[in-house]
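Down below are the structures I want you to see.
Shared between the two complexes below is chain A, which has chain B as its partner in the first and chain C in the second.
So, the complex of A and B:
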């Protein structure tokens, strides 16, 4: 489908609800529709075209356009562009019809917009609180422009969160807010009958950090990449690249090719160590600690490699808008190749061992089923969707960095279960080794040093951009509306866990209690991305740095 | 002299002192092996190569605050660890480790001691169930129920498996069974299926991977032990170690020919043979994932029990043939 087809389809079906359309940058189509027509427009996109729902973004534009705006973002994966439905809400009593009854995946987005901006969504099936704390006062909306980012409203305990009622004959088993298997605070309230899970309720966002708020009130374009990197402790570089891409798109900045390749290498190294980490955690969840120990041992050289390239094991601080801060010198390339090929060999052995392991298959096969249709409804992404035979990968569908120049396969499986997700991740890692090697080849040919474009003009205001970057957990979407003062008006982060997490109730219903942890684990949840929060402990005073040899010697005394 | 022997038997070897020291050693061996299988080093700091680590852990736990939940059934909650520890310690006494002469029959070696030791080794499972029940916590309750479900899965194969060597030897006394196989070492090979079943069932009895379902930390936190802390938890942990020693000792007595040769050689045999069993148990837990409770039950009844029965049939026919 081309953008023209979609425009004419929408015009024909929505009629007077259609207001107008623009193409702000080549891969985007913006369609403005009237609030009354939004359900119909969404239904057409969701049911009659190949569109995939991404996220809805709310934005307070009362200062510039005298309105609140809600943007529903869609992607046409195989046609490589995004479509945004732009809906205006009244600045005084903002209200937009809910689309959750059409697309289940819009559930969280709408609740978040309601919580943070106060835009109401009549017709929403589950209008409970999502993001705000249990005791946050009613009618205080933190993402509105007049709300200062440092303000702390007083506690209103009467706003207590209401969980679902017990289905008859069930008891509650609490998994969370603190639970051995979840590294971060999250709460799955299981309603069980014996060992069987009848229903489940979710409460999360215990640690919302308000990073987006910082982005549009205090930080500047040059600072946000570093904040974005701190959204996640594992796939931070993804957020970092996502944001830089946004601004580069919006302001039409050309990145040097060498920087593209360096970004690609770092993204793939991140995928490699993230998937190794995941496999280990998955093993631990089902009591197979040998997998944990072995994969984490294999992962360690990659972490040291990252430190060698960037100066840090994680949270590399490599990206700036326009390029990267450090080059990968040609002299380092052979060492990277050796480490990669060592890991590749070990990874093939892992694949061999996992493939035929009876107990692993017993635990992973046919649990946590989510099929193609379910993925489409919930807008699931990443290995979860790929294990349901959906061929989608932002690296192929919306090529960024150097992914247009490297060869790799998108791995899919058709078993819809946890086993499928495991296989997809293991095989995907093998593709990552290939990508790194190809990128290294390219690095050898490009001149050293040309890694960043200097930006001489201000980033213009009023530009819009969407970027999709394939994180290890799935596609990471950032949305940007640029503003004055060298910062965005609205920066929205939709990390891959955000659409994947709401699928959990569907996956665990009817399964056994014992399967819940591995099912939750199978989406590779990263609650801190969902909540966009992280505590950074800054050491003041003397910091002594220990090197690899010293640390290894210490631990192996 | 005989009185002294009995006291030595009760308190030193194979009684309390020996069981305590040796079980911590076995735990250390198990941890080291598990670590080796995972390319780790295991405990390194306390004692040479961390050999004292299990004792350090025990002492640490003993010194920790001992919390009894308000809603718990306090009497039961307090009694259960002692009850369970007592039963495995008693079971330890039944191991035929000292070769008493025919003139002096040990009070703890008698016709039918095999049944008693199996029974005493089964008691801790009931204790775990009661512990889970008394704790008044959701995780403990699930853990407790899982303990019982697991018990029904492994206990029958276990009994069937230990029946085979007994039937072959024609005795219910472990010392006699061991003596029978010492006289005919080749007959040990007959019981190879039963040996496999018994080792797997022992792993389940000890609730170790892949059968650590009742206290799977990623599912039910600590299972029946969730609410236990301090001294009582230390007792539970100690009892698990002792249970491993006694279980391994029982299997060694029945399937590996016992511990012949008097005090010193017998002791060496005991260490070597129990460590063989422990090695198998450690290897098993490093190459498997935890099963689900339904998978465990069906595995048990589909494979373990029929295999043990088959072994019994083989033994009965062979016995008829050999006579």
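So, the complex of A and C:
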């Protein structure tokens, strides 16, 4: 489908609810609809076209346009463009009809917007608190512009989070907030009958750090990449590239080709060591520690390599708007090749050893099923979707950096289970080795030193951009609305775990309790990514985890 | 089944033990490489007090205060993210990133705090800090008049 088809379809079906459309950048279509027509428009996109829902973004634009805005983002993967539905909400009593009944995946986005900006979504099936801490006062919205980033509202410890009621005859098993296999704080409340899981409730967002707020209020465009990198400890470079791509799109900055290749190499090195890490962790969760030891040993030379290229083993600090900070000298290329080929050999040996391991397959096969329809409904991304035979990969669908010039396959599997996700990840790593080698070939032919475009003008205000970058865990989407003062008005990060995590209830329903950790592990959950955005953190009313004072001393100087 | 277990065992035996009882024994393969960004140092003699570092620092840990003719730069390194932007933009290369990475300490406020004082020429009208003496001297040598 072309953009014209989408427009005429929407115009015909929505009628008077359609206000207008623009194309801010070539790969985007921006459609403004009236609030009362939004459900209809979303239904058309979701059910009648090949659109895939990404995320909803709320934005406080009372200063510039006298309104609150809600943007529903969609992507047309095979046609390589994004569609955004722009809905205006009243500045005094903001209200937009909920689309969660049409797309289940919009559940979290809408609750997050309600929590942070106070835009109400009438008709939402599960309007509980999502992002804010339990003792955060009602009607204080931290992402509104008048809320200062260092403000500390009064605590209301009498408020408590309402979990779902037990289904009759079930027992509650708590997994979390601190649970050995989850690595980070998260809380799954399982309702079980004997060994069988009947239902699940989730409470997370224990690890907020106010990152988007800082991006809006204190940091400048060239400081945000370093902040973006710290959203996640593993896929930091992905967030970093996503943000730089956004600003480069919005301000129309051309990045030198050499910088593109260097970014591609770093992204792939990151994918390699992330998948190695995941395979180890997955082995550890199911009690197969040999895999943990061996993959982490193999991973270490790659980390040292990254340190040699960038100066740090993680949080590389490589990107700035317009290019990268360090070149990969030609003298280093042979060493990278040796390290990569060593790793490839060892990776193949591991693959060869585990692929016929019956104990492993008994634990992983036919566990945690999520099929194609489920993925579409929840907007799942990455290896979870690819294991359900959905061919989606931002590297192919929305080519960025140098991915238009390298050859690789998108790995899919059709088993819908944890084993499928494992296989997808292992084989994907082999493709990454290929991409690194091709990029190194290209790097040898390009002149050294041309790695950054100097920006001579201010980044213009009021520009819009969306970028999708394929992280090891799935597709990472960033949204940007530029503003004055050298900083964005709204910068929204949707990491891959954000759409994948809500699929857990569907995956674990009917499974054994013992399988829950590996099912959760199979989406490669990254709770830090998911929980980017708040200032205070308190666990369900009684135990204080994080002091605001400590946080503000670290962030507010 | 057995074959795959044997293959797994083979991988393990090939590589044996790779970890070290740090810090008693160190892995010399894993020492910082050239270009590694460790704890920063500042050479006060080179510094011209331009405060460019304070402007670019993503974690805003460099605090600049002027008292009469003295400009004081405070580096609160417990917040440092080791990005090295300050060293990049420093026009005089006064800031360098060292190879020092073992910065764990019990007294983070003193051990991770660097303070540098630079004597500045002051503006004769308003009394604010203006430029360091070295820079003013250098301007004269290239032909600016007093």
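Methods note: the second predicted complex is superposed on the first by the 532 of 557 C-alpha atoms of A that agree within 3 Å, B and C clash if a C-alpha of one lies under 4 Å from a C-alpha of the other, contacts with A are read in each partner's own complex, and residues count from 1 in each chain.
Note that a residue touches a chain if its C-beta (ideal position, glycine included) is under 8 Å from a C-beta of that chain, and two chains touch if they have at least 3 such contacts.
Being a predicted model, the structure only gives us computed values, none of them experimental.
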| item | value |
| --- | --- |
| Partner chain in contact with A:222 - chain B first, chain C second, else both or neither | second |
| First (chain B), second (chain C), both or neither touched by A:290 | both |
| Chain B versus chain C as contact partner of A:195, first or second or both or neither | first |
| Contacts of A:357 with chain B and chain C, given as first, second, both or neither | both |
| Which of chain B and chain C A:349 touches, first, second, both or neither | second |
| Which of chain B and chain C A:304 touches, first, second, both or neither | second |
| Chain B versus chain C as contact partner of A:165, first or second or both or neither | neither |
| First (chain B), second (chain C), both or neither touched by A:173 | first |
| Chain B and chain C footprints on chain A, overlapping residues | 290, 293-294, 297, 357, 359, 557 |
| Chain A residues within the chain B interface of the complex | 171-174, 179-181, 195, 283-291, 293-294, 297, 357, 359-360, 362-363, 512-517, 556-557 |
| Chain B - residues contacting chain A, complex | 37-41, 44-45, 138-139, 142, 209-210, 212-213, 216-221, 286-295 |
| Residue numbers on chain C that touch chain A, as the complex places them | 1, 3-5, 7-8, 10-12, 15, 18, 29-30, 32-33, 35-37, 56-61, 63, 76, 79, 81-85, 88, 97 |
| Residue ranges of chain A touching chain C (in the complex, touch as defined) | 218-219, 222-224, 226-227, 230, 290, 293-294, 297, 300, 304, 307-308, 311-312, 315, 317, 325-326, 346, 349-350, 352-359, 554, 557 |
